[in-house]
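Chain lettering (A, B, C, D and E) follows the sequence in which the chains are written, and residue indices restart at 1 in each chain.
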């Protein structure tokens, strides 16, 4: 009988805490009528976990769980998106009459899944984290059960997600067969030592993993679920989904491809380059003709995944850190934009058409002004944070010799100005058609304020976040 | 600061005061400040003249205007003999016109404006003649153009007036285009724009060439011709003469001052000023002479048939300016300037006389509708007659001396000169003819206008006739400073051609005419004969056989029409410049290049992206199977790419 | 040789059954065929020294998942299914995608190279039984994923409840 | 001894069949079943790899896959039921309210 | 000489702080909003005076320097300073802003608060652009300016404002983003620094220079705007509110030419010299093309907008003449154009407030109805057509001189622009102010005191620069000489016709081939 040594769980404390708090939230939900309490627990959880993150680093379970700066950075993004989304939800779920406590605990579970993904040092853990995240999000997407669009969103997300995870599994299984292990570092070691880089089976399995991750980050051509799901899902969940799972996908992409498959860098960059270009192209071009703002933002988030992929393409640490920096900034501006979409929703008024924004600057100047900031940030116009994000990406692209790719990206980002400005144009340059009442609340106000301030402050003083992102990739 | 600065400065101050306060404060008294300013300038000019006569030449920089790299140019004054003459001409005529205008413009609602413009003009013209460098000359050049523009279009409500002003400015710009390039060429050649070093150094560049469009062109010739472009524009020579007749839309005092006596002679002044450059280029000199002679004849022929009193005088001006250029072109600069000087008096007189007539006729210009004015306005008649005699070259009057000198100097300048002399003589005949045509048609015979007009006829007030009288004195006597030595000997004058001698330092020494006395007498006789003959023909046609002009007109109707329509030059320009430019602007640029090509691209690319976007939307069918299929195909393709790439 | 025959039978049955599963008009038939298919896969697992998994395959898939499917099918009342079109309009495209994928997989897996061998050979499994070995590994090396799995299942429970059970608040 | 590649091809074949089913069938239940087929294909390969590599990880992973598949089934069927309440259809191609 | 406070930072951030202040004022208190905006802009102008008085004209070194660490990991600093090329633009910006505030006093009736906030933010960004000595900082300001300008055009503009605003934004953005990539490439070429002064200490391989020159060209040419990327300008100018047009004309489009001077010339001297002929060709086309197209315009603002294309053609011509007359002429012409075209737009704004028409045919005989206005307009018209004694002449003359010196045909062709310039401006003036009084303008009030005060400073500058330009030219001598030294020679040698006709195309083709190879 082998002696079983209890591993040191220190680095995992944030995850364990989050799990406990999620369970606690579930229990509280049973006992308390006022579901806002659950929301508060959710936010407190995010704060506590965020606090706990600072002290945690190390590997547990023989490298299956890796808590390093890299994962830490992503976990901060997850927790940010979690807490901001919860803040947005409080009023929204009441309006949609789905004010259940499970909503918040599912968000916590989903975040837990993301954190597990970001820390995964093993393909099995990765798969399970991904499923945990995905299953929670499927439910959340379909949370408004009486709304057929929500059901449809959930169904589409679910079917395609399951399809994609089949690809993932097949890739994992092939990788396992080829390398005899599922541990990322072991895979890397094996590949480097045995020099089987050009084996078609290996490339197949690697690319099947890429397919699954591309699905999560909604990269073309695996993006098609995103607009439909984003449109149908409850808006705060859309905000959550457009940031959290996407960032988790990138976290995994960054770790798996730069660790396990680092010997195949040329092969996977060859593939990701067209994916990135297509993603930018399709996202930006399709966003132009959208009339539903959620759908427009969905395409925009597709396009942003394309930009972020540039960081991955460079294949070096600088690139990865620029990608992370971008996602961090993207989290704020995208959730900020969705936040405005959320507060435009009120009983009996969807507020999802871009035309609903007509004259918003006249009726609600503050909301319009904030939306303006988010739109310009998404376009990448200084002095907003979006510019810093793009700038860093382009810098790392140029540094890695992909100047032409940077040119392509800037041209698409110029195209993107068209549809972002369209929103601004509706708000500022049209007369209000109908009286739009905002369903503002303190929590959503806080969320928007945080997002807006972050967008501006990170735009003007980006030093801290850049340093953070650089530190995160130091190994 | 010395007193010379005050010469231009006083009118400038008057301009500012009048333009700012005139409308609200001075109103009907706006003339005071302007007239006083110009009279003061006149006084200082006279003092200056006396100084210059005593041999003082002033060349002084006031301040540095523009510095850029090695380019540096000042505002400064060069007061030499030539300038002194011009100062007197300008301030004298200007003063008289100011005084005349007090009566003529009385009651006009733009009274203050008129006087401020006059002051501005006086300032500009003085700056022009006093300049000691090319750029300041250019400044004055353009500034007088501006005043001309403002004053021609003074009655801006009339479309024809505002059209004429605009036309004057733009046509002048064509000349200035060349002039400006000439100035630049001067700078690039000499590294300075000051007269003294340029004229001093011009000998050093003889024979240098410059490459233009692959041809080597003589530098001096090019420079001279470019400068002459400006003169052609300003002095209304062919082919840029078209603006001057139209400029008669302006108030008549303006025509007298600007379009007869001073501004239009700026071209002559400039050519004379630049004589060191012109002298070194045969070609340029010939061009100047030919342009002058041809213009003289050309304009005179048009003047034969015109009926608008001011237009006739305007064409006469063009013609006389041609004489001046002819003189310059044959190297007789002092003769040119002499004619400029005498012409200022008699031509200003003619215009002011015409103005007086218009004043009486309530703005009527058609001489066919006048007649017999002699008895209604005697002062006007007699002064007008004197001016006409003077311009016709009747011996003893100012015009005779200057014109005779030009003709003689032309004749004696060589074979080309003899050809040009013939043109000049014919012009002299024609000049006398059309000048007296006005006298006979307008002042003799019986009145042909309406009854109302007849009732209204009166002699002009003193303030208007007084300048006429003064100018008439000038028209008679101003020539006496330049009596040809030939005649001087006869009447026993020691310094006969004092004018030429006075200007000699400027024009590189006094060149007494070459050629024999007998030839000179012949030329003089011819010129007198031409003048007398012209008067006689005119008299016979318009006093005795009054139906003859009609008959001739019918007999040679095509020629008559050609002349009546001024050789269709305006129409020609309209056809080859104005219309094509507007056509290009409207149809090519707005219609095609900007409208279709550039904007087509600018709007087309986004529109294409938009259409592509709409098309691409249809791919997103909302169908899960399709999404999954795309995923599968995508996965297939990326694997294929990765496998085949190696 | 006998192994190959058994494999041959199993493979033929699995492929044949699976094609039948996806082509049957009646979903109930599909599910039943699927059940048979699962049994065959379980047998295949047995040939691969995975007795525990074979059992799990039956218990979970056949016992739980397929029952759930059947339950849902019956709940949804699928009579119309027997008359309407089985395939989507773009099925040829889907089929070609699948075929292309198949060709690609065949081509790329021909060069498959087995990874390094581990130390838990057939002999160990035979001596310790599959279940024990699996259990040991599962609860030592794979404890962490196992715990995650428990959360996944919890989420599934919550999800199923949230999505189906509770009535709306008024 | 059966060669490893046979298992791989079997697994691949099953994966492709499952994929074809998913891409072709309108019925949501069958699509769901197709996904299960794909997962089973993966399981076959995992188990065979485990066997050939003398490693338990393959089997462990299979176990996880089966469990997750069950969880997916629960959620998936829950979604189907929730949808069916609002829109009585099981044909996925009729669910295209959101598109473009 | 330098004042004891960080004058440039104050100038950049005072308007921004002012905008924040306005944010706090209730939107109903329009009077307070306007007066605060005016006060801020006037204080700003007063605070900018030390730049005028304290500038050391004897050196080309940057002055009023400030330098703080900003993003150390990218080597980005907050580095600002002025030299003789940029100082005048800062002063012009502070002046123009005041005028924009006063001219909008009564004409802006909706979203007053946002309007003045936008104007003030514009001002801060404009000054930032001209004083940045760090490329990153420069780009931030450069792009940040687009936001308020987009709103100015789109919110308070004319009937077709939305189209114009988007066109403006996208046009300039497309150009700018290419420059962004260029900046990044330059960053690595220069050894990881964004500091412009550091960058200028190096020389770059020709191929790098070549591509970067075109990348920067994309941004600057659009902004100038050079032919053929000028078509945003008529729309933007026409549709923008008066203040917007004024800022656009006076400051914003100067940034393109400023960019050439500040970056393209000193950083890529070899590429600049190689590209001179194409640049001159484009400039000459802009001059003549822009002038001719004015003849076809029926809209007041559109005409003036197209005239800007022509005038800015002079500026680029001067700059690419690469000699001191050309460049100094270019700079002074930029200032002049800012003053004159700014003033013309102010004038159009004044009349537009009364008639709400921009169509030329709706006017006529204004000189009778509004004599004071007519006088102002006349002076600015004359300045625009380059009458000596007014400011336009100084610039145009120096540019033509410089152009002629560099390449004869360029000077000659540019001079033709002056003829057409006189034609369209005088024709415009005739149609608007002369002839019979149009009944639509009958009985309008002449300019009031506020409007007169708005125009007076520009009028004074028109005369000042026309009569004594050395006040302004003297600022730039040292810097321009230094720039020319950096370019390595005193301008181009005269070229003959074969170079001219085939030259640009052949040069371009040759370079492209070379670079590709």
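Definition applied: contacts are C-beta pairs under 8 Å (C-beta built on N, C-alpha and C of every residue); 3 or more make two chains touch, one makes a residue touch a chain.
Because the structure is predicted, anything quoted here is derived from the model rather than measured.
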Chain D and chain B - chains in contact with each: A, C
Shortest path length from chain A to chain C (each step joins two touching chains): 1
Middle chain, criterion being Cα centroid separation: E
Chain of greatest Cα-centre distance to chain C: B
Most distant chain from chain D, judged by the mean position of its C-alpha atoms: B
Pair of chains ranked first by number of touching C-beta pairs: C-D
Centre distance in Å when chain A and chain D are each reduced to the mean of their C-alpha atoms: 26
Centre-to-centre distance between chain C and chain B (centres being mean Cα positions), rounded to whole Å: 103
Intercentroid distance (Cα basis), chain E paired with chain B, Å: 37
Averaged-CA centre spacing for the pair chain E and chain D, given as whole angstrom: 64
Contacts with 2+ other chains: residues of chain A: 124, 128, 131, 135, 138-139, 142, 145-146, 154-156, 159, 163, 174, 176-177, 180-181, 200, 203-204, 227-228, 289, 418
Two or more partner chains touched - positions in chain B: 606, 617, 620, 622-626, 628-629, 632-633, 635, 639, 643
Numbers and ranges of chain C residues touching at least 2 other chains: 88, 91, 93-94, 97-98, 101, 104-105, 108-110, 112, 114-118, 141-142, 145, 149, 152, 155-156, 159, 162-163
Full enumeration of touching chain pairs: A-B, A-C, A-D, A-E, B-C, B-D, B-E, C-D
Of all residues in chain C, those that touch chain A in their complex: 104-105, 107-118, 136, 140-145, 148-149, 151-152, 154-156, 158-159, 161-163, 166, 168-169
Residue numbers on chain E that touch chain B, as the complex places them: 167, 170-171, 228, 230-232, 289, 292-296, 323-325, 328-329, 365, 367-368, 371, 375, 382, 387-389, 393-394, 397-398, 400-401, 404-405, 408-409, 411-412, 415-416, 418-420, 422-423, 426-427, 430, 433-437, 467-470, 473-474, 477, 480-481, 494, 496-498
Contact set on chain A toward chain B in their complex: 155-156, 159-160, 163-164, 167, 198, 200, 203-204, 207-208, 210-211, 215, 220-222, 224-225, 227-228, 267-268, 270-271, 274-275, 282, 285-289, 415, 418
In the complex, chain A residues that touch chain C: 2, 4, 19, 26, 60-62, 64-65, 97, 99-100, 102, 105-106, 109, 112, 116, 122, 124-125, 128-129, 131-132, 135-136, 138-139, 142-143, 145-146, 154, 174, 176-181, 190, 196, 199-201, 203-204
Chain C residues touching chain D - in the complex, by the definition given at the top: 3-4, 7, 11, 14-15, 18-19, 21-22, 24, 27, 30-31, 34, 37-38, 41, 44-45, 47-50, 52-53, 56-57, 60-61, 64-65, 68-69, 72-73, 75-76, 78, 81, 84-89, 91, 93-95, 97-99, 101-102, 105-106, 109-110, 112, 114-122, 130, 133-134, 137-138, 141-142, 145-146, 149, 152-153, 155-157, 159-160, 162-164
